[in-house]
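Each structure below is given as structure tokens.
Both complexes below contain chain A, partnered by chain B and then by chain C.
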Partner chain A sequence: MKINKIILSFISAVAILLSTSVVSFAKVVGDKIVLGAAISLTGKYSSNGVHTQNGYNMAVDRINSMGGVKVGGKTYKFEIIYYDDESNPKRAAQLAERLISQDGVEFMLGPYSSGLTKAIAPVTEKYGVPMVEANGASRSLFTKGYKYLFAVLAPANLYLDVAIRTAVELNGGKGVRIAQAFEQDAFSQDVRLGILDAAKETGSEIIIDDKLPKELNDMAATLVKVKQMKPDVLVVSGHTKGALTAIRQIAEMKVDVPMLAMTHCDAAKLSKQHGKNSQYALCASQWHKTLTYKDNFFKDGMTYAADFQKEFGYDPPYQSAESSAALLVFKDAFERANSFDQKKVRDALAATNMQTFYGNIKFAPGGQNVDKPMVLFQVMCDGAGKCENKVVAPLKWASAKLIHPIPKWSDR
Partner chain B sequence: MDFMVFQYPMITVQACLDGILLGILFALIAYGMALQWGVMNIINIAQGDLVILGGYIAYFMYLYGIHPAWGVIVSPIIMYFVGVGIYKLVINKVVDRDLFISILATFGISILFMQLMNFAFGADVVLANSGYGTTFLFDSAVVLPNSKIFSAFVSIVFAIGLVIYMKKSKLGRAIRATAQNARAAKILGVDTEKVYAATFGLNAALCGVAGALISITFTIHPYMGLPYTIRSFMIVIVAGLGNLPGVAMSGMGLGVFEEFADYILGTEFRIGSVFLLLVLILVYRRFKLSRKREYLK
Partner chain C sequence: MSKNVLLYAAILIFGLVAPFVFPAFKVQLSILCVLIVLATTWNIQGGEMGYNTFGNILFYGLGMYLCASVQVGMFFPLAEWTESGGEKTFVHTPTQFFQGMAAGLVVAAVVPTIVAGLIGYAILGLRGHYFAICTLGLGVAAGEISGGIEIIGAGQGFTTPPFPNVGGLEARGEFFYFLSFGALVLTFIAVRAIYSTRFRLILNAIRDNEDKAEAMGIETMKYKIIGWMVSAFFCGLAGGIMGGLVGYIDSTDVAFDGREMGVFMVLMAILGGKGTLWGPVIGATVFHIFKEGFWTFFLGWQYVALGVLIVVIVIYFPEGIMGWLREKYPERFGEVVDEADRKAQVELK
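And now, the complex of A and B:
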């Protein structure tokens, strides 16, 4: 018994010793710049986590094969250490801690989703590790005064702002009546705040303001109210399940509404799952392949989409595109800083002003990208039932004319 | 608070009909739970996850071009064997132990199933399109998707079928005998081990039917099982074991309650209101029990 205890304590002592004396390999090893990322490879965000990882990997390969990053006259290549955060914020924060203090990573890439980014940001901030993130859009990320957080995407409150303004414009500048249903998570509630702001500015009235639960799969009650009150615009945001449930039940219950605006249609593969029923839905997107932004690495959206399709076998959702853009931002900042000093890189990131295939990137003091508007696309189907997403707003990039109001179900 | 539901009478009708159709489906799941609880004294926390797995079977048939309504036939057959498999692997080791052990065991199975489904099918929300149309009532003031009517109809068919099976067939009689007194049944030559396996399989098959119906009417997702477990638990608690008409009634009652909670309190409190109701009923039952005990004293 006693011997057992002694052996046990000996083993644990050795284990503790080992764990503290592991040689941490530094951020820049030889000719490699090592970035760290906690990504949701399992758990509820795993599909978007994989899109994020594919976007990162695509950019790493491309930058490395096109000459890498030049700092101080030497060429470096990117490498990423990934950990699976299991879609769990606590785990994500632990992994960020581990990446920084054990693996010695000095530059981070963001995880997927606002919630996980929120969990990691305090850690990177504490250690002064610059993090470029591509998938956390919640407004609250940019109001905390974080100095080391940079987001290449537009903040969540701008997602459906364009839709309301377009509806008002089409209504001859008069306010519209809005019905809205939002899930109760950080992201969707930020989208909601954006709508409230837009409604206030345009003199629009919110007549239905429903909240959706996390385990949403039935929103018939909201839709019955919509049928009764006949709003001009229906706004739904509840991640993939919100988009899918809304389209299914709107079609089944034959709800007629002149404009239907949503988020997450891309990830929900709306037209693939619902075919013609998804027609005319308006979707907010950070990016669309037909946008005409350009850079030297991916050329433009169409080329990026084709290359991505070749490598991963599916059309890139915006989550992948923005993730690829994060690497381009890092490369640009390293070269301008001409150093691997975290402070200098941070300052270079803050001064970023560039165009990528994904859009213009310029950070506000809060860290959000202020130089890239959201786009709206509309699902449009041809006679044979083949559906496509076409950009309809802002007008500068529109590849099709917005169909408004949505034809009644009885006329379809 | 929103009392629109009472201001427009048609919304009240709509809410009641929606609730009843939904409640019938819940009752089917609860029926399986009651069966297994009564026979084996096991509360199956993985009930909802079996439902979701059944839904995925229908979804995959849909993906391969088969109409998802056939899932109502195929899914229970596959799920029956899944159920028997779970019984042979895990449940037979806990079946004679106290309730707490079996709750832990099925809780573990539930977590395992969630993660396995997430691993195998991905975290995407999916659904199967039946292409069934819509029924309009009262000058189209009330709208009922045919998929909901279809699920309620199929649920009733399966429930009635199972009742007849339990009454007439040899296995059904053996199951009922085991539920009444396992030891006596064993002495009289009933292979209780087989009966337990079949009961667990039957329950999983019912979940399979319900899952297929849910993939047609709503959406499925690996992590969506728990609300279905809670609902069926609640229905069984209200109805009591072995009270089949009670299960049907309390199922429909719960459905209508949920719909009204949805309209009045808001969709975000829909599941929350079920939990609240569950707590209230448990407290009420306890209160009634304690009064009875005092009376005995």
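And now, the complex of A and C:
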């Protein structure tokens, strides 16, 4: 029975390992405010995860280089501990637990996507850790009575609401026939609910209502139906992959539809990757660089975009902009609370009312930002085939006129 | 036997004090318990019976959804709970939470057992690769189907009831730790008891030569089904606990997570040494430690590191850690090596 000895020594090894690996950071070390974030660096959300991380890093550098955060007469600098949640909610919940109980983080930044935020929110809520998140838009996040969750973005059900209303308006106020296909994930399903609401209110009819799998790379079945049934509007949402797949297959199959409304066009760099094929696509966005909001750190959208381009080599999608904004919100809240007490910071966050380059930020009791409308932009190309995203709605910021209906493929 | 008692007492004590000695690691330890349960039960099929299944994730996911659904459904309308637009906020009282959890876990264990019986009856006639491929389909299909059922949240996911406000900050972690540790102890005792009976020999006979076993009058089908039902019972239980622990159930990423959990349970059993009682336990522990370590030190590259680890295991420890130890120190496993006889055999070949 010597095997027992082996197992016993094995167990003691585990125990020793555990006891020696308790490394504890405090929330505020020296002159640093340590924030924790689980980000999707691998897995299906990895590209958006990186956009998020770049947005966070950009703001951290900017705030730190412009004097940091002043609390109690002392200046602090931001620092972020990152983990990779692998685009997996189970992992994200585990990491949140780890950030809080092992790394001693007392303030959190959100992950990418609604599903992961849903997994993390119960944990931060339990520990009373304020979390400012920039990428979880699902409406159900804001109906659960969470007190420590703050989202700088507009909820998901509003994403394409404007598109439907615009289509109805252009149809002379009569209801339109909608075809829709949504990925089976928390965010896209919420966008779908928003469309259902909008359809009900405008008397529109939903003639195709498809679900797309999570590992999304084919939606031909939906498009065949669209070709047959000729809807007035085609709505597609499935994060970056959904946008890319839709454009690729619509072009391949030459699907004619008067209006194509999507999400995540800028994160997918549609206008760059698919050029003229993506022309006329209508996209919901939390932010666009041409909006005229201003703040002291990034000045305005155009300056942010230029700085971001210089730093990371690509045009910032709204995912990066909103992530940067999350840091601005935190800084503002720390300074107003003038304390690192979690409750006080939480109350300060709840009372946030500010303008950033990304938009106005003011939280409803549920935690969602109620002071910032969504914008719609359309991909427009010039004769040389150079494509750009131009804001077409709401009219206040519109830099171009909506092209409707989309010309048939045979005429393009 | 006295040494055995000492060993088990040591483990039990370690298990009982661990959450207080290492409070920061409660969640990881809870997950470790769940992993051990999964690896140990997979070993009943993969190790003892020789049926490599990828289907056990089905019972795990089923248990997860069932437990949460029962816990909510006992007190509130389930459809309204999961409907994302629902403006109502439901709160379980502590009594409701624990009652619901208890009832949920019973359902989470029993229903998958029945399902395993039914599916087993249909597909356990398949052998070898055919069985493996067939069970692979089970998990994938379950994920897609559950992703379309509105009442359990479909693609929106299902938020399990939050832990009630009792006993301070650490209460939730401790509750789930002891729940999963309890499940682990239960599983281990049950599996150990099973392995000491003729049942294990029958499973081994099926693994070594199913036709011969049948020819000897063993109703192999019956035992295969029972074996799978035992696995399903504990997998379902583990799933139910994990659902509450994670707090959010997603059809393909958390519940029917064949790509991660489904593969991990196989890996852990093989790493530790399949066909042994302790192999899966050791395998799961080592695997969990490595994985957590990789996550911290190889950010973004953890799967590459894990992949390398797997390659190393397959090349250098094909029989797993227990198998390697057994080959190295056979006498410690109570085996008597007759050197002369061994040499004679080698020379004969």
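Just so it is clear, the second predicted complex is superposed on the first by the 391 of 412 C-alpha atoms of A that agree within 3 Å, B and C clash if a C-alpha of one lies under 4 Å from a C-alpha of the other, contacts with A are read in each partner's own complex, and residues count from 1 in each chain.
The rule we apply is simple: a contact is a pair of C-beta atoms (placed from the backbone, for glycine too) under 8 Å apart; a residue touches a chain by one contact, two chains touch by 3 or more.
Computed from a predicted structure; not experimentally measured.
S.K.: I'd like to know which partner A:Pro89 touches here: chain B for first, chain C for second, both or neither.
M.R.: second
S.K.: Taking the superposition as given, does A:Phe312 touch the first partner, chain B, the second, chain C, both, or neither?
M.R.: Neither partner.
S.K.: More chain A residues touched by chain B or by chain C?
M.R.: Between chain B and chain C, C touches the greater number of residues in chain A.
S.K.: Just to be sure I read the superposition right, which of the two partners does A:Phe340 touch: chain B = first, chain C = second, or both, or neither?
M.R.: Touch status of A:Phe340: no partner.
S.K.: Quick one: is A:Pro122 in contact with chain B, with chain C, with both, or with neither? Answer first, second, both or neither.
M.R.: In the superposition, A:Pro122 contacts chain C only.
S.K.: Quick check for you: in the superposed arrangement, does A:Glu252 touch first (chain B), second (chain C), both or neither?
M.R.: Touch status of A:Glu252: first partner only.
S.K.: Based on the superposed arrangement, let me know which partner A:Thr222 touches: chain B (first), chain C (second), both, or neither?
M.R.: After superposing on A, A:Thr222 lies in contact with chain B but is clear of chain C.
S.K.: A:Thr42 contacts which: chain B (first), chain C (second), both, neither?
M.R.: both
S.K.: Both chain B and chain C contact which residues of chain A?
M.R.: Touching chain B and chain C on chain A: residues 42, 87, 184, 211, 213.
S.K.: Taking the touch rule as given, give the residues of chain A at its contact with chain B in the complex, in rising order.
M.R.: Against chain B, the touching part of chain A is residues 42-47, 87, 181, 184, 210-213, 215-222, 224-225, 227-228, 240-241, 244-245, 248-249, 252-254, 268, 273-275.
S.K.: Under the stated contact criterion, what part of chain A meets chain C in this complex?
M.R.: The touching residues are 1-8, 10-11, 14-15, 17-19, 22, 24, 41-42, 82-84, 86-90, 93-94, 97-98, 101-102, 115, 118-119, 122-123, 125-127, 138-140, 143-145, 157, 182-186, 188-190, 193, 211, 213-214.
S.K.: Write out the stretch or stretches of chain B touching chain A in their complex.
M.R.: So the residues of chain B touching chain A come out as 4, 8, 11, 14-15, 18, 22, 115, 118-119, 122-127, 129, 134, 136, 143, 145, 147, 214, 218-224, 226-227, 259, 262-263, 266-272.
S.K.: So in the complex, which bits of chain C are touching chain A?
M.R.: Interface residues on the chain C side: 3-4, 6-7, 10-11, 14, 18, 21-28, 31, 84-89, 144, 147-148, 154-157, 159, 162-163, 169, 172-173, 242, 246-248, 250-254, 257, 260, 278, 282, 285, 289, 295-296, 299-300, 302-303, 325, 329, 331-334.
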